[in-house]
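Labels run A, B, C, D, E and F following the written order; every chain starts at residue 1.
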Amino acid sequence: MGQSSIEDILKDKDKEQMKSLLSPQKNIAKLKAGEKVEGIYLIKSFEVKKTAGGKQYIDINLVDKTGEVNAKIWDYSKETEKTVTENGIVKVRGEVLEWSGSKQVKISKVRGTIPQDNVIISELIPSAPVEPTEMLNTIKIYTKKINDSQVRLLVENILAKYNNKLIYYPAAKKNHHSYMGGLLYHTMRMLQSGEKLGQVYSFLNMDYIYAGVLLHDICKIIEMDSDEYGVVSDYTMEGKLLGHIIQGIKEIEIEGEKIGLDREKSVVLQHMVLSHHYEPEFGSPKKPMTPEAEILHFLDIIDARMFDFERALEGTEPGSFTDKIWLLDNRNLYKM
Amino acid sequence: MGQSSIEDILKDKDKEQMKSLLSPQKNIAKLKAGEKVEGIYLIKSFEVKKTAGGKQYIDINLVDKTGEVNAKIWDYSKETEKTVTENGIVKVRGEVLEWSGSKQVKISKVRGTIPQDNVIISELIPSAPVEPTEMLNTIKIYTKKINDSQVRLLVENILAKYNNKLIYYPAAKKNHHSYMGGLLYHTMRMLQSGEKLGQVYSFLNMDYIYAGVLLHDICKIIEMDSDEYGVVSDYTMEGKLLGHIIQGIKEIEIEGEKIGLDREKSVVLQHMVLSHHYEPEFGSPKKPMTPEAEILHFLDIIDARMFDFERALEGTEPGSFTDKIWLLDNRNLYKM
Amino acid sequence: MGQSSIEDILKDKDKEQMKSLLSPQKNIAKLKAGEKVEGIYLIKSFEVKKTAGGKQYIDINLVDKTGEVNAKIWDYSKETEKTVTENGIVKVRGEVLEWSGSKQVKISKVRGTIPQDNVIISELIPSAPVEPTEMLNTIKIYTKKINDSQVRLLVENILAKYNNKLIYYPAAKKNHHSYMGGLLYHTMRMLQSGEKLGQVYSFLNMDYIYAGVLLHDICKIIEMDSDEYGVVSDYTMEGKLLGHIIQGIKEIEIEGEKIGLDREKSVVLQHMVLSHHYEPEFGSPKKPMTPEAEILHFLDIIDARMFDFERALEGTEPGSFTDKIWLLDNRNLYKM
Amino acid sequence: MGQSSIEDILKDKDKEQMKSLLSPQKNIAKLKAGEKVEGIYLIKSFEVKKTAGGKQYIDINLVDKTGEVNAKIWDYSKETEKTVTENGIVKVRGEVLEWSGSKQVKISKVRGTIPQDNVIISELIPSAPVEPTEMLNTIKIYTKKINDSQVRLLVENILAKYNNKLIYYPAAKKNHHSYMGGLLYHTMRMLQSGEKLGQVYSFLNMDYIYAGVLLHDICKIIEMDSDEYGVVSDYTMEGKLLGHIIQGIKEIEIEGEKIGLDREKSVVLQHMVLSHHYEPEFGSPKKPMTPEAEILHFLDIIDARMFDFERALEGTEPGSFTDKIWLLDNRNLYKM
Amino acid sequence: MGQSSIEDILKDKDKEQMKSLLSPQKNIAKLKAGEKVEGIYLIKSFEVKKTAGGKQYIDINLVDKTGEVNAKIWDYSKETEKTVTENGIVKVRGEVLEWSGSKQVKISKVRGTIPQDNVIISELIPSAPVEPTEMLNTIKIYTKKINDSQVRLLVENILAKYNNKLIYYPAAKKNHHSYMGGLLYHTMRMLQSGEKLGQVYSFLNMDYIYAGVLLHDICKIIEMDSDEYGVVSDYTMEGKLLGHIIQGIKEIEIEGEKIGLDREKSVVLQHMVLSHHYEPEFGSPKKPMTPEAEILHFLDIIDARMFDFERALEGTEPGSFTDKIWLLDNRNLYKM
Amino acid sequence: MGQSSIEDILKDKDKEQMKSLLSPQKNIAKLKAGEKVEGIYLIKSFEVKKTAGGKQYIDINLVDKTGEVNAKIWDYSKETEKTVTENGIVKVRGEVLEWSGSKQVKISKVRGTIPQDNVIISELIPSAPVEPTEMLNTIKIYTKKINDSQVRLLVENILAKYNNKLIYYPAAKKNHHSYMGGLLYHTMRMLQSGEKLGQVYSFLNMDYIYAGVLLHDICKIIEMDSDEYGVVSDYTMEGKLLGHIIQGIKEIEIEGEKIGLDREKSVVLQHMVLSHHYEPEFGSPKKPMTPEAEILHFLDIIDARMFDFERALEGTEPGSFTDKIWLLDNRNLYKM
């Protein structure tokens, strides 16, 4: 059995070489039962299994940026196992079947990639729809909008500390924004919505809206272990025992002390992080006690829900319903 | 004992005559224990009571647009009772005391108003901070933004039906936006926020955002009985047995049928009204199944919460907490 | 793979021809592991599958009025697949096995039915224990007992509208009374119980008890799509977005308006439909506010529970317990 | 201060003598503010109090079978206090006032009763609407309907044991059926309803329905201390520490053993008592596992609810709502 | 398929003969994927199954005192099935594989045990870590510490009644202390902790602490059917319909009456049993009303939790987390 | 009106002088209605009120270490008000009355204290039953039992920081241990119980039990503002916005960093503080993941409950019940 992180696999390869991708290639989201398939995919995981009758075969999960599909290599050979083991990215040929309502690829041929394949990695990794550098830029612009120089400095210092990871971290292990750059994208959209709502509810203190959004999830970076493709292998020890809310509070306390941040400002920001999940059973032992903390919660949940709705409805035909969506309390969504 | 609706009282008077108000007058919100007070106020309710020792006195609640205060006339006379009974608006003179932590006015003199008092009614009635006609205008502009002509027509027809009451109805009997014009103000702000969020989440269908906001609470007008000063005496019979959500759904069904509204559009709009309270225990037996229904809920709750936060913090000193606020799960809010 | 609705299958056949059934035939409920089986059954669904070793076989679910059983045809051939695909009802021969605690038929022979088989469809379709016409009659008798002529007319008009479907609709997709004629049977028993309780609690207004029972679930007919054998393929679009409670309320509103039904009567009946599930989380945002609405709820739940208890205990040996029953909060029932 | 049980008071008097009541007498339920009152009432409790100014007065609560009213004797004298202390039943003269929305009697004259008053005690005590002996008779008839001679004997023995108290015990300290004979009345109505439902759901074992109803609340007699007028002073020590459900189970266990009752029958009956409150938080750690136990719960709750609805709506005008009723989750009931 | 209770199997064998165990033998807890295995194990259950391709094989679960492992005999023969069917304990030879993350033994050879195997049964049965007689002794010592002679006699009589089963009964079917002697071990540790806490909270009445602990779970012996190896086949009929709490209360009532136990003492002890699960939804309709009843609950839950924590962390590496533990609300425990 | 903190009052006095107390003095807990009273008490709060008739009087709450009682001075004079305002401790003479079931003192004479009164302050302040220095000593002994020198140093440093306040801080504003020295007493008893349970559950790491207990509530000192008599005026700003759990975590993080505490040890201790309230709705977003964290919770809750039970039962007669106790879910406790 082999279960390798995407990062490990790619590390040992000449990444420069994998630049382009033989076209045309079938995107996983577009596979249809009954059709032939030929394409280059990333191996998310694989396992050598046996049929109940004892025959060996290889069970693989393939991904590209559009989705994931299960595949089988029924004709097992040591050589084929070697190909699968040694290559993180493979070119496969086969046939798409339908199996208990899901698609499955029956692979007839598999090989490692070669320079002529011109692999473009970004085509294989699910990630945010905006370029990381563009998102990082947007975030910096909002940081600059913080008028209180102490608060701005605090935010800048903390962002600087996590900058290099922020560029690829997902916002979650599973669920909403759990892809490369997801944390950044989530933060950016909340800043945009926050700015807008601040135009309607003009008594809000925008410094705290921006600072609250920028800091509320930043410690997810130390709560989870993600590789640079946004795949989280696990939560960290401190992440499990304390969680990103507690970690974020400590971050503000300590970084605030370093720059002599006014005690009231520090505590109010910590309170925003503490209360942003709103309900005790979701991790917030205190409910928001300032309007900015209240809004922070709504910015957060709206962005998560919009993500879930948009994704769930993506492949749905107009006039029909999705399957039950566990994340959304088993609702069946309707696509107009 | 006498408990008269504000509307009844004012009906029998020459309203034209009450145009101005002798200045300077103490706003109720600004009364301070220990000071003298002289001013013109609306009588919200009054009762002739007896002390445990059997002595009669008059217990009155006075309001102006800034708040409400309890007052006592210890020197009871038939004549004074007559003055209080026959006048909806009175001029009083007295002294502000503190009683178990609340302010109370000990009235030494009271009389009905006279033309020279130049009463301005709008100074006495709590109401939305924007002019009704301006709000109505804004609402019409948003209605025009609905591209689907069927949906727009439906909204226009329903608004037209309730137009004359919409101008003064509150959004609730108690709690958020429970003042003259509150329903209109609540609707307007939700339209504004909805428009903004639609700029961030561009996959949303704005026609349904606008139509959903405009219709979601419209049947509060037939759920509650309000006088033209925005004071709700009670819920209606149908309001109690069915509620504005059910009433709103029927409205769309029936008005939709009249104009031949596409069945799918009608049902989707009814679903938005049905699900906008989100939780079954708050009146929504179905959760939102479209992204527009989901957002409608958040626009609604954000506007209610911002109202509550803003009001609660109004009189609070920076650096201190409010008392426990029942409406906000007994939170003590903090004013920075 | 093939999943065909029972109705579709039967439509293309000479139903007249299938009149009798070769006896003796094994009822599905009476199959015992280790025995031979030969009989005529309806195919509920089937699928061509592959073993882990790649061999094809056919997986079928067979039903008759007594129950359902899974079966396998291990010897796959194109011809057998054709037989299964083209026939809704088949005659099979095989052997009953036990598989992980469930019975399973290993089919050795399968063919379509022939005239000589004399198929009686009612033997194959699970349905209510009373004849539809008898139930419909009973319901009409109770309708006549409504003294208020307006209310009676309302009920008659609505029943007339749904009459042709009421005769076969089930009361649910799964769970209680989910068989042909189930809705009618459920309604009839509630009328009978309601009449009885009205003899004990004589202050109840029987007009509303009868009207409430007759209308409370009638819109299940437009909430679900059922074929004429009482098999529900799915909920309708409006059923999912609004549900039969909301649909029933609109029905009363609209049909009531047509006949000039007194407003109070209409609203009280709508309230009964609205509140009959009692708890918000089960779909009723208002609790019963009249004694008739209160009783309606209990008539409904008692009938559902008695159905579940009776069915669950059917095959249980005296002195033993049933397995955990999910529908009844995982209770193990005891059979005395 | 004096708070005396009704029973104590009456014990020391010649009850024979108090046979009739001077007519006409104002029933408490019919008192109207502004009218004079003269009548004979039972003193439920009284207290000598002081006004804030230090003046003594007597605060009394008067009852008759139609209700309860608070009264004041402002002219305190030692002699008046003696009259109130020494008489359980008094004749009063006074005036009905309205005080913060409640009626209150201002007593000008009070004296003890005299033979010529011809007091009829049953006019003063709230009680079930059917004669105790008639109810007891009905109960015996149902007992005879139990076919299983062992089960019948068990029920007869237990009823015999509590017979003399059953005739006057209420079914509760407060709430439903909390009056003289309430337990008997509650039991009788449940037997009647149970018989009726057994006609619809014919698979039910009526022996257990009848036995279950007859035994389910019988140990309320040892859970509460009631005087012979159905007024409960308190729960007993065992009632508080264990409760009537546990007490009832032990009763069946022990009395069953005495007559050699079949173990299965005993346990099934104990289970019915154990599960009849249905929800753990209402005292039933096990949910019903037999259909008879299930029905027992519904008979119980229907009778309680019908009692509450009937009482709540008694004085309500058609077309109006009651106040919020705490016992019914704060519902406002509607009277058609 | 064969599923035989351990007890049945062993009954028909010469237990004297199985005295020793050929060493060295691999403990199940120590099996490692990739290694050979040879050892003597108890067959917990087995089933003859078929692969999807129709080939027969035997699926067995093997246990020893350290744990349980699934095994397969792929080479099915009638003879092998007979060996497995006729022997409760077998000697197997094979290879340890890893299968979807779990260990699995592929058995190549299996035979029944022979005298020379010198089987020591206690090596095969999971049981408490202290000798039963030693635990029984400890329990008797604590019983002697009860000063009130009536209470002590009650406890002694009840213990005597269940003595012979107490020595091997588990404390549960699954979950904490579900092994041979578990009930005794659980009781003993609670007595020890109770004694200790009594030293800190000296106002506690130790007689009731000891008596409460000794009696609180004693009726698990009549709630569950356990063989003499601590394996529970099922709950008893009375166990399911009433449960050990109710059974324990009746035990105290009846045995108390026999020895003339003071009524207050009996009721207080019954109350302790009734309330020891604390929450209604866990079976206690009354909460503790004496400090001894309160402490009894905590002694119970602490012992259960310490058991769960100790077991869960047993095989965990320092610095790592366990998997999610269902019994502990899906917590991942951390091992320092 | 005057509401002065005890501390303020005492500050301006010569505390040295108030050394003894005129004996005999009536302890507040022992006051009986109908008796005369003469004694020296602390004024907790007072207010000048008016009767409904307009007469002024003084309403005072008096305390000594045994309890609190309400008192009235009906004969108001400016001079008496001055006496009450200027003295924190007064000598009063009067009569004990019963008022609506509570005791009340009618004061006839009041004066400030004089040197000859020999006031002993500790007789007037409710406090823990053990001397502060003795408790502090015990705590230091347990600190020394921590074997891990890093962990011990951390605990010593934190205790040192709060040492001077720990000696008088209560453990709560209201509820359990809300008196002078309450925090210390609570901590001490938990250490004692923890030591005991460690003897039974020997796999527990005692270093973490002791450190966890010593640190779990230490930040209550910065969560609440207490005067040196253990009376909490309010929560601090940081206390309200974050709470002592979050504050305690930050304390360990920061103090741990200062001494180079091993990261794992620091996080595990922080987790103990985080999880010690166990349920999210009581402030712990994470449940205990180590056995020591699990035990810490139980030590905490047992000590709180034993405190509540002991106090509630203090004045209760054997064989009777207490009133409903809000803190204990409205239970009525029983005193054997």
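Going forward, a residue touches a chain if its C-beta (ideal position, glycine included) is under 8 Å from a C-beta of that chain, and two chains touch if they have at least 3 such contacts.
Note that the structure is a prediction, hence the values are computed from the model and not measured.
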Touching subunit C and also subunit E, the following chains: A, D
Neighbouring chains common to subunit D and subunit F, by label: B, E
Residue-number overlap at the subunit A/subunit C interface, same or different (half cut): different
Option in C-E, E-F or D-F whose residue-number contact pairs overlap A-B by over half: E-F
Between subunit A and subunit D, centroid-to-centroid distance (C-alpha), Å: 64
Centroid spacing, where centroids are CA-atom means, of subunit A and subunit F in whole angstrom: 49
Rounded Å distance, subunit B centre to subunit D centre (Cα mean): 45
Sites on subunit D at which at least two other chains make contact: 51-53, 237, 240-241, 264, 268, 271, 289, 319, 321, 332, 334
Overall pattern in which the protein chains touch one another (line/ring/star/complete/other): other
Contact pairs between chains, per stated definition: A-B, A-C, A-E, A-F, B-C, B-D, B-F, C-D, C-E, D-E, D-F, E-F
Subunit E - residues contacting subunit F, complex: 189, 192-193, 196-197, 199-201, 203, 205, 208, 264, 268, 271, 287-291, 294-295, 298, 301-302, 305-306, 309-310, 313, 319, 321, 328-329, 331-336
Subunit A-touching residues of subunit F, taken from the complex the two chains share: 237-238, 240-243, 245-246, 249-250, 253-254, 263-264, 267-268, 270-271, 274, 279-286, 289
Subunit F residues touching subunit D - in the complex, by the definition given at the top: 51-53, 55, 74, 98, 319, 321, 332, 334
Subunit C to subunit A touching residues, read off their complex: 1, 51-54, 237, 240-241
